[in-house]
Every structure is written in structure tokens, then in C-alpha cells.
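You will see chain A twice below: alongside chain B first, and alongside chain C after that.
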Partner chain A sequence: AVVSTQSTGAHGDDKGKLVAIVDVIDQNRALVDGPCSGVGRKDINFKALHLTPFTIPIAHSARSGAVRKAWEKAEVTKKWSESTWAKKLASREKRSQLSDFDRFKLMKAKQARNRIINIEFGKLRNAARKAKK
Partner chain B sequence: QRRSRSMEAVVSTQSTGVQVAAKKEETAATKTKQVHGEKNGSTREVPLQKQPRFYPTVDNKKPLNNRRTPKPTKLRSSISPGSVVILLAGVHRGKRVVVLKQLPSGLLLVSGPYKINGVPLRRVDQAYVIATSTKIDLPALPEIGDAIFKRKGKPTKNEKEMFIDNTPEEPKISPEKVALQKEVDALVVPVVKKTPMLQSYLKSRFTLTKGQYPHEMKF
Partner chain C sequence: MKFKCAELKEYEIVGRPLAKNDEKMPVYKMTIFAPDEIVAKSRFWYFLRQLKKVRKVNGEILRQTEMSNTSPTKIKNFGIWVRYDSRSGSHNMYREYRDVSRTGAITQCYRDMAARHRARPHSIQIMKIEIVKAADTKRPVIKQMHDSKIKFPLPHRILKFNKKSIFVADRPSTMRPMKMGSCDTVETCAVEEAWGLCE
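Right, the complex of A and B next:
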């Protein structure tokens, strides 16, 4: 009933996708299904899963249709994409896809932002110094 | 195989393998001459072209015809005219530069543009280059070939002049190159200026900082 992301596991294609744990097979493996994220029902090692705080109310061994209904009712995909965790993953992915020109633009943007910050900081610092005297 | 009769006949039989044609050639190549002497027979068939005095003892095999023409170097799919590229070696290493075209010699013709980063019209091997995904729309450029880049040989001196420095001072860069550079820059620089930040991008150099690994980076 717990939703988890698939971390770097053996199943490279489905890396990072959301799945719901439908059943526990044994100490190491879970039966997993992600009807709303394009992952077919399959067994997977716990080590390839990364638990999220989201849960959906399904019975154990629920079929894909039931999982999908519960998933959509709980709006898991939406809540997930709004979470900081998901946002961090997205920005990490974006950063890795930057072209050389993009990296240059990013560098210039950072410099411009830091300049503004440092100017304000400088003003505050000078004001504080004056106040001390 | 001994070369019999006339050489032409042998050559023609080797190449065409048609006996009839050879015979026709033979008859044309001989001439009848009158000969003296009662019991000599009155005429002789004399070949118009005499056999050479020397012929080799071994019939050397003719090498097979080679009609191959070398293809131009395959250009990497990521490089095309107008793509921005990072130079990896030479004086201008690390500089980002615009590819103008691939020359018939296979090398890339590259220009800073000179106004922007000091890289002139230059030839560069695509192996010494990282292709970025940034591309600009190049306008029609004047025809440039490998000929401009040919180095002039030093004039050879004879013994008398060996210790006299006679060479006149030649300008390091030929005026025609300078003119061509200006012409090309005038076409390319306005296109570069259209894209925001592209000019300062071409001005800057490529460097690796901590945590940057080229095999993990996208260009």
C-alpha cells in the first residue's frame, strides 16, 4: 500500500518511476505495480525501491485496476510532483542535460544574482559597523 | 609468354582477347620489301615497327587498375556548418569557435570570429574539437579552399649567399587573408549578435572545474 520510487536498481528503464507496493513476496522482494506511471506489475528487490511518505488504501494482492483507482483517487502523481523530493530530482535531471552554452548562461545568472546579494549584504554590514561606532 | 610478332598484337590480344581483331592489326603493321638474290624469294614481310632490342626475361604482371578516389573525411554528425565548437589543442585551446565548413582536405574551416575571440580563419582537425549542440545560421560565405593555407617555402640560397641575409621582410599574415577575414567576420558577427549572450559565450574559454567530468557532461 506504500508508494515508492524505484531507485538505481537493475531495471534501468524504470529508474525513478513511482510504483505502489502491492504485496511482500519474501524478505527481499516485493510485488510492485505502477499503473499510472507506466510500470508493469512485477517483483522487485526492496533495495531497488526508495520509500515515499505517500500511501494508497489497497488490499494486499490487489489487481492493477484497483491499484489504479486508488492511486487516482489519492492523487498520488500530483502530490508527488509537488513534493520537494520530486522537484530536487527534476532539477538534478535538468542540470545534467544542460548544454555548454546553457552552463555558461547559468554561470552568468549566478554571478548576477550573487552580485545583487553581496551589494545588499555590504550595505547591511556597513550600516552595522556604523551603528557599532 | 614470348612476345611474338608486333607488340601491338600481343597487347591487343591480352586486353581484348579477340583473335580476329589482332590479325587485322598484324597485317596492317607489316610491309613488303623487295629482296635481292635469285633463290631468296622476291619479297619479305617486314614489320613496320621493329621489335625492341631489349625485352625483359620475365613477363612482369601488370598491376590491377586502381580507380579508387579517396572520399572526404567523414564529418561527425554533431558538427555542421554554423555549429559552435571547442578547440582542444593549439594556441587557441579552450576557445569556443564557429565552424564555417569542411574543406576538401577533410579539415574543418573555423573562425572565431576573429573580432570576438581572436581566432582567425583556421583549419582544424575534427579530432581536436568538442562539438557543442549550439548552432548558428550561417549566411552564404565566400569560397574558401585549402589553397590560402598553403605555407610558402623558404627561398633556397646558393653557397655565395648563405651568410648574407637577403630575405625581404614579408608581412606575417598575407593581406589577402586579412581581407578575407574581414569579409567573413562582417557576415558572421551580426548573426552571432542576434542570439543573446552568444557573443560573450564565444569570448569566454572552456574550463573544467571541480566535479565536472567530460564523460558525464552534455555539450
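Right, the complex of A and C next:
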């Protein structure tokens, strides 16, 4: 079975949660279960899912308990949170939660970093100019 | 008429003709799929009138209960026997749907009949709905799902509209890495469960 994230808000509160595809109902729907992410077993349209590269070895239509065991054994949640995809989602989420003060701090931090970069760049550029002459 | 709701509900309606004196009247029970209670009652009388000499005026509904889903997490194959009126006559049909609930399957049936035969809900009569074992299913559309190693790609993936990019310079790519594979690994599972377990 493949693990996938739920993308859109048809099931609004389950948005973005990790879920395992336990079975295929028909061409458009899958039976899905997320015992370790708090999503109850239900049928869902493929359009609301994003596949992740993680799979867990369960039989089709395995029960929630079996899914949970396989999930925990494969440490899916951990692997997911370490993936770039998950990190990007997390940073996107964080960015949207920033307060004005946070954005100010961010601006200052970026400024400080860019100054360091530009100073180094300036040094290299001057060195190159001198070398040309 | 009806059926614009998300999913139909299953009602069990029990009714009987009104007793004049103390005589015992026969009691009739029907399973009706309808969007709400009122339509369910209406359909109950509609069918009962066709089958027995009772009318709503001369009858009473003894009980109406909404039947809940017995196993909403198990995928089942439903065989539905339908009778419908086409433009030129009345026909019987046997249709199969794969769903998680009876109401889901019946809803699919109504939508499907409308799509394939332009049949309106008022001209459709559900005669029987049964869970069918995978081995006994007839329709290839359903049978093709009976594969424990089922795999299919989701080509031309159009994702839900992203508010950020309503106008874009280039056409977005629909080639997204999505390939559906179910239970590829057999290591942990020694026995393959029989498909389409009955409840």
C-alpha cells in the first residue's frame, strides 16, 4: 500500500494528513486509512490525494490495526517529516503564520545575511578587477 | 423530482391499510432509497399502491427508520436489479457497482442511469440490491478491480485550482508522478484475502 497525503479541503480538517491507501474501490476512489495521523478509514477520491514515495507492506483491505503496525514498523511518519516535501510544507505553513513582528525579524535576518554575502562578493569582484588590470 | 442531494439515504418503512373495525390488516415493509424522509414516505405509498390495494388516504405508516451503514470501511460489490421506463418502454436491468455502502451504490446507480440512459429518477425502480461476491460479479468494469496487485497510472492529472496561479505564462504540466499501486509487497502477507468479502 502506498502512503499519500491528502491535499484538498473536501475533507477540510484532514487536509495535509498522511494516509495509507489500503484498497482501490474503483477508478476514482480509494479506501484510505490513517491510524497514525488521526484519519479514520474512509473512501476518498484520488483527486484529493498526493502520492508519496513511501509504501508499507500490508495486504489489501488490511484492518486498521495491521495498518498501524506496518506504519509504525516502517517509521513512515518519521521518514515523511524528514523528507524535503514535508519540510517545504512545514515552512510554507510557518510562513503563513508569521506575525508582523516575525516578518520584521525575518527581514532583518535576510538583510544581515545578504550584507555578508555582498561584502564577500565585493571582495571577489575587486580582486577580479585588479587581476584584469 | 428528487435526488439532488449528495447521497441517498436508506429507509425501512412499514405501513398498513387502516383497520376499519378490529380486523387485522396486513402489514407491509419496504426498503426505500430517498434523499429525505418525506420523499421516502411518498415513494413508499407510490410502490404500495402499485402492488397492493392501499392508498395513502386509507393507510398509515407504522414505522420509518433510517438504516445506517453496516460496514462503511469494507469495499463491496453490489448487484442492483432495476426496472426503468425508457422513452419507448419499460425494461429490467441488472447493474453492478463497487462501493463502500448500499446507499453509495444506489446513488451511483441513479447517476449512472441518468448518464447512460437519460433515465430520470422518477422512472427508476430499484427492485433489489444485494452484495455480490467477487467471483459472482458479471460486469468487466467491476471485475477489473478484482486484482490484489492492481496498478494504474493517473495520467493527465489536473489538480484542484491553485489560487496562487490563476493566470500563468505557460501551461501547467499535468505529468505528475502518480502511479497507483496497491499492496505490491507480499512479504508480510502470506494469505491473500478473498476479494469481496460478504458482510
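Criterion: the second predicted complex is superposed on the first by the 132 of 133 C-alpha atoms of A that agree within 3 Å, B and C clash if a C-alpha of one lies under 4 Å from a C-alpha of the other, contacts with A are read in each partner's own complex, and residues count from 1 in each chain.
Operating definition for what follows: a residue touches a chain if its C-beta (ideal position, glycine included) is under 8 Å from a C-beta of that chain, and two chains touch if they have at least 3 such contacts.
Note that the structure is a prediction, hence the values are computed from the model and not measured.
With the C-alpha superposition on chain A as described, chain C and chain B fit side by side in the combined arrangement.
Contacts of A:F101 after superposition on the shared chain: chain B is touched, whereas chain C is not. Between chain B and chain C, C touches the greater number of residues of chain A. In the overlay built on the shared chain, the residue A:V76 is in contact with neither chain B nor chain C. Look at A:V67: by the touch rule set out above, it reaches neither chain B nor chain C.
When the two structures are aligned on the shared chain, A:T55 is found in touch with chain C, with no touch to chain B.
Between chain B and chain C, an angle of 90 degrees opens at the CA centre of chain A in the superposed model, to the nearest 10. Note on the superposed arrangement: chain B and chain C approach each other to a least C-alpha distance of 9 Å. The contact surfaces that chain B and chain C form on chain A in the two complexes do not overlap at any residue.
Residues 96-101, 104-105, 108 of chain A are the ones that touch chain B when the two sit in their complex. Residue ranges on chain A touching chain C, taken from their complex, read 1-2, 7-8, 21, 23-27, 30-31, 33, 41-43, 46-47, 50-51, 55, 57-62, 70. Contact residues on chain C toward chain A in their complex (touch as defined above): 72-75, 98-100, 104, 141, 145, 148, 150, 152, 154, 159-160, 177-189, 191-193, 197.
Taken in their complex, chain B has these residues touching chain A: 84, 86, 96, 130, 132-134, 197-198, 200-201, 204, 206, 216-219.
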